[in-house]
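First, the structure itself, so that you have it in front of you.
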Amino acid sequence: MSRQELTEKITAIKRARGLRWRTVAELIAGGTSPIFVTAALFGQMRLTADESQRAADIFGLSPEEALLLTEVPYRGSLPPGPPTDPLIYRLHELVNVYGTTLKALIEEEFGDGIMSAIDFEMSLDRVADPKGDRVQLTLNGKFLPYRRY
Amino acid sequence: MSRQELTEKITAIKRARGLRWRTVAELIAGGTSPIFVTAALFGQMRLTADESQRAADIFGLSPEEALLLTEVPYRGSLPPGPPTDPLIYRLHELVNVYGTTLKALIEEEFGDGIMSAIDFEMSLDRVADPKGDRVQLTLNGKFLPYRRY
Amino acid sequence: MSRQELTEKITAIKRARGLRWRTVAELIAGGTSPIFVTAALFGQMRLTADESQRAADIFGLSPEEALLLTEVPYRGSLPPGPPTDPLIYRLHELVNVYGTTLKALIEEEFGDGIMSAIDFEMSLDRVADPKGDRVQLTLNGKFLPYRRY
Amino acid sequence: MSRQELTEKITAIKRARGLRWRTVAELIAGGTSPIFVTAALFGQMRLTADESQRAADIFGLSPEEALLLTEVPYRGSLPPGPPTDPLIYRLHELVNVYGTTLKALIEEEFGDGIMSAIDFEMSLDRVADPKGDRVQLTLNGKFLPYRRY
Amino acid sequence: MSRQELTEKITAIKRARGLRWRTVAELIAGGTSPIFVTAALFGQMRLTADESQRAADIFGLSPEEALLLTEVPYRGSLPPGPPTDPLIYRLHELVNVYGTTLKALIEEEFGDGIMSAIDFEMSLDRVADPKGDRVQLTLNGKFLPYRRY
Amino acid sequence: MSRQELTEKITAIKRARGLRWRTVAELIAGGTSPIFVTAALFGQMRLTADESQRAADIFGLSPEEALLLTEVPYRGSLPPGPPTDPLIYRLHELVNVYGTTLKALIEEEFGDGIMSAIDFEMSLDRVADPKGDRVQLTLNGKFLPYRRY
Amino acid sequence: MSRQELTEKITAIKRARGLRWRTVAELIAGGTSPIFVTAALFGQMRLTADESQRAADIFGLSPEEALLLTEVPYRGSLPPGPPTDPLIYRLHELVNVYGTTLKALIEEEFGDGIMSAIDFEMSLDRVADPKGDRVQLTLNGKFLPYRRY
Amino acid sequence: MSRQELTEKITAIKRARGLRWRTVAELIAGGTSPIFVTAALFGQMRLTADESQRAADIFGLSPEEALLLTEVPYRGSLPPGPPTDPLIYRLHELVNVYGTTLKALIEEEFGDGIMSAIDFEMSLDRVADPKGDRVQLTLNGKFLPYRRY
Amino acid sequence: MSRQELTEKITAIKRARGLRWRTVAELIAGGTSPIFVTAALFGQMRLTADESQRAADIFGLSPEEALLLTEVPYRGSLPPGPPTDPLIYRLHELVNVYGTTLKALIEEEFGDGIMSAIDFEMSLDRVADPKGDRVQLTLNGKFLPYRRY
Amino acid sequence: MSRQELTEKITAIKRARGLRWRTVAELIAGGTSPIFVTAALFGQMRLTADESQRAADIFGLSPEEALLLTEVPYRGSLPPGPPTDPLIYRLHELVNVYGTTLKALIEEEFGDGIMSAIDFEMSLDRVADPKGDRVQLTLNGKFLPYRRY
């Protein structure tokens, strides 16, 4: 069973049982971000052995499937090319529109380097607004300066 | 003169005068986000006539160039394909790794729809951290539900 | 079962029973546009639980398949690259030929922003014409102005 | 001078003089759709000799440039790949999301064939709406049945 | 069963029985071009119900398979990119080498428009030649003038 | 001067003088197909020294430009990817729709081999038709059998 | 069974029995080049009925599989894009590095035309060399001059 | 001046003076293969200082241009994607058709490794044939075995 | 069974038994680099018959699977396009950022030629560092000078 | 002046003066790696103001050009797609062949994370060998573990 097939199996069981990702994430790893745990169930992060055991209990996974959840995945959740799904495409578009601007402003503030995508965390919030609630994503990554050598 | 050439001209003058984007943005449109104003100078947003006039004063632009800054640009700041610049690529990578996760969690919270990339704002902050300061990006877009018809 | 497989199953049953999409759409969600309902059966929109139940009755779907129809799909109905099917390609060609023109005229009329593809509806009509009937597509989307911030 | 350069020249003059495309189109070919005339100025359609002469008067074009406007162009107004500009991308997205649905419904209504992109016309309207005005595009093309032979 | 699988099934049976496409085409739709009928068996055109019934008799197809042959297919018989098969590539090469020439000469003769690929027919002939027989393809499509509006 | 620039120069002069390709071709190489001669002027075939001299007289070319017309060009008249121009795209579409059919029928008739694109000729005709005149292209290439060795 | 699957089956049997391609080729078609015969077993050329029968005997193929070997294949043995396998990539690299050189030198010697890839043969030899034996490939194709018409 | 521009300059002078590549190559580096020398003039190999001086004498190159000819170039003579020029495409096609066959036969004969494209030489010959002369290319590269470590 | 399927089978067994690649490599071919042996298990190198037998013992492979491990594979372990997995992408990025620099410095030191990827070895080390341990990769390939001929 | 043009200018001067990159690097920033300094001159790293001043002295750069060398560049030194230059391609090939192996072995040793391409250094050495000297590249990057959150 590939990681992709496991993702599909987990998604199907989640759907059939009417579960919510946030509930599942809390049961598997309370205190850990639901983004991180959901990403692991989607084959993008790995769980600890204990967390994987709890995921196996929830989803009725076999030992081999539970093991797979503890392995480092081959990351990348999208097919090649710009994503066709509108929700995901909007994120892609923002990177395309703001890419050079963010590069200029981050380097102006921090110097030559990058925002780490590894020493990184993200949160997702609903911001109430009378004109329509808003989605807020907060990306937070360590600044890594380019090493001179 | 194309918008791309104007961006290059502005960047060259900014470099030669040792200006900072945040200072320039404050002078052009104090109270507006430096991200928005810098994006306009990078050919991704447009300025008002007044703002454009101040930009022209700062950079010594011709009236035609100032006019160009008030026009809606053909947006997109990056060459085709995944961006090769490491700072920008990390953002691309985050969309690729977290794309399906964010889709699932946003839809679980808000229903079927998207985070608007038009009714949208973004901020960039430095978060002090003893283990190394962190870059924080906050993306905030109105949730737009899919219309049934 | 993936959404794509469900689309193929529904299409096969529809063919075998000699059904029409408009009839099916009316049975599933009378009063809703047949475009919207057909798009849902093609894995591009989602149905309500009630609508999905009626779809399941018509097509003899399992409860799991009915559930799948109520989920937000990963949108995008075409393979990568320009579509090879001539009917769909003509739409692609129109975007390519008229893209810059529509951008100029919409922005001239409405200002900087877009026609929403989310707060959007579409209709399809036959216009009788002695020289050969005509296909008329009406696209109607809310204008979303770019937010300054 | 290439057609692309002529488009850029016309656009620059239009900007410098503060003209509107609709006004220009009315002056060049009153009674003809502003979409058609603007598309011609954008290198996607051709003008008649008379229309071209009036365009030359408005924009101060040379005889050679005026001639170029009367030639059939090599059509296609966008760079390769999905368009990065958000306004144009939304149209691309609609083709991608609704492509298979429109194919099914057009063929159900008309039989095997296509909506012509040649014997075709389009209009653009503003539809007032208290929740925000709407952009309405009407595409109208002759149905062309596949010939059996 | 997809249309592609049906094409493969028909091809396998045709091979096993040592049939010729021209014979099959004559049996299915005598008087119709063997190109048209073979294209239908290859999933590029559709047959009438009667023709499909005769095809089903010849190839031992199930009722569902016969129905599939009467449906409008998603056209396009080649994988993406330039075709690797030398026979088909030569046609691709001819379009690439002669594309701009044919555009110029057709427009010079007919005005602004296209040769229809829908109101179209094609024939294939062997032309005897002492230096080696020749393949002759005749493409014949209605000229469609661009509509002014 | 590149061959592409020479093509653009010739096209501009042809436009300015109101010439027709067929007239030009007749003057340059009467008795030779206007398709062949126009293709040479478009950088896809080469002229003889005499023909090139006559072309130079007509278009006022320099000796170096005349020489360029006698050289074998780097063939290929279209940008990469499917052609965006509708007239040329229809030819591309025909190869895509009929590719596998033509392969089957040519091989059935001639055996394993190809229709040569080198020992090849093409003609273009107008076929009068009360329902609208038709464009007829006749492609004629020597059959080349695959060599066994 | 597709041609690709047949290639995989033949390869697996060849491996299991410890056969050599040259031995197999000699048994199937002694006197014919092992390159040609191996290419046929790899789905790039076709065998005669007799050869195919001998191949069927060697590999234990079914009559349908033997028939498949006598059919003209859809040629092309590599996935899209530059080949990743280093041995094959080196050939690709040679075409890329020497492409324009060979074009110039062949045309200088032979005139305007091509080296046929159809009326073509190839051989592979080991050339002993004290510094390390060498691979020698000899490509031999009929020169085909471009036809004037 | 880039290497590409130098190639174009050399080609233009060669054309204007009616030189032949083989003559030029003999003058520059008698005894060295004309393929190697022509490839150097096409920006794919480098000349020695003496050879470059002779090339400069022949083509009237500046000292800087002569120096450029002695530098290792960034190799690759073709635009991305399959080559559109028919002469070069045929070589590309041969790699595609015979790639897997050559891999199998070279590895069967030599073991695991490659034919070097660096310790490599090539020759081009005309082989007289009453049915039409033939182009013969001989590729000769050292076999390099994969190193175990 | 394809090589890709064998890789997946081996990986699954390795996971289920809690083995380490280094341990496995030592058992299969003590004294050979674990990189080489792991690469063979991942379908990129081949094992000797003895090594393959030991691999079969460890993983419970069938004789056919063991044979497959001794065959030269079709190399290339990644899907087309830049790799999406962050660990592997960083290597890709380094080639992109440093490609032209390494070319200049290697050629300056060694002359015109390449670092062989065939007569090549690589090692992987952990370098302890109080600020965080470091990954060290050492690539070592024979310099191959371009042959003049 | 773009960074790319500056790289070309520096390269041309370096060539004209017969300089070596290592000498230049030593003069600009003795004690810093010549790889780092050469990469800066190739537009992939940035110099300090002092270093840039010394580079300006060596190459006769204008103040604006010197400033450009102190700016963070848009990194990426290669055109899109696999590199065609053989020296650089071999590095690309190694990533492709060894990508999955290195991922497995680095993760086995270090856990889930990456080798940083930012906190990174590289060295290039000549290793004498009687069978031919060898190129040795040492890549050394900090291991960055994925952050749980």
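The first chain written gets the first letter, and so on, giving A, B, C, D, E, F, G, H, I and J; residue counts start at 1 in each chain.
Note that a residue touches a chain if its C-beta (ideal position, glycine included) is under 8 Å from a C-beta of that chain, and two chains touch if they have at least 3 such contacts.
Please read all numbers here as calculations on a predicted model, not as lab measurements.
K.L.:
Listed by label, which chains are in contact with chain B and with chain J?
P.N.:
Where chain B and chain J share a partner, that partner set is A, I.
K.L.:
Could you find the chain whose CA centre sits the greatest distance from that of chain C?
P.N.:
H
K.L.:
Which of these, A-J, B-J or G-J, makes the same contacts as F-H in over half of the contact pairs?
P.N.:
When the residue numbers line up for over half the pairs, the pair is B-J.
K.L.:
Please compute the C-alpha centroid of chain G, do the same for chain H, then give the distance between them in whole Å.
P.N.:
Chain G and chain H have C-alpha centres separated by 23 Å.
K.L.:
Measuring centre to centre with CA averages, how many angstrom lie between chain A and chain I?
P.N.:
29
K.L.:
Rounded to a whole Å, what is the gap between the Cα centroids of chain D and chain E?
P.N.:
About 32 Å, centre to centre.
K.L.:
Mind pulling the residue numbers of chain A that touch at least two other chains?
P.N.:
35, 74-76, 78, 80-81, 84-86, 93, 96-97, 100, 103, 107, 113-114, 116-118, 120, 122, 144
K.L.:
What is the complete set of touching chain pairs?
P.N.:
By the stated definition, chains touch in these pairs: A-B, A-C, A-D, A-I, A-J, B-C, B-D, B-I, B-J, C-D, C-E, C-F, D-E, D-F, E-F, E-G, E-H, F-G, F-H, G-H, G-I, G-J, H-I, H-J, I-J.
K.L.:
Looking at the complex, which residues from chain F come into contact with chain D?
P.N.:
Checking each residue of chain F against chain D gives 8, 12, 15-16, 79-81, 84-86.
K.L.:
Where on chain B is chain D touching in the complex?
P.N.:
Against chain D, chain B makes touches at 1-2, 64, 67-68, 71, 74-76, 78, 80, 117-118.
K.L.:
Within the complex, which stretch of chain H touches chain I?
P.N.:
These residues of chain H touch chain I: 32-33, 35-36, 45-46, 72, 74, 100, 103, 107, 112-114, 116, 118-122, 144-149.
K.L.:
Report the residues of chain B in contact with chain I in the complex, numbered from low to high.
P.N.:
Per the touch definition, chain B meets chain I at residues 81-82, 84, 86, 89, 93, 96-97.
K.L.:
Taking the complex as given, what residues does chain J use to touch chain I?
P.N.:
So the residues of chain J touching chain I come out as 20-22, 34-35, 38-39, 42, 44, 75-78, 83, 85-88, 90-110, 113-117, 120, 122, 124, 126-127, 129, 131-144.
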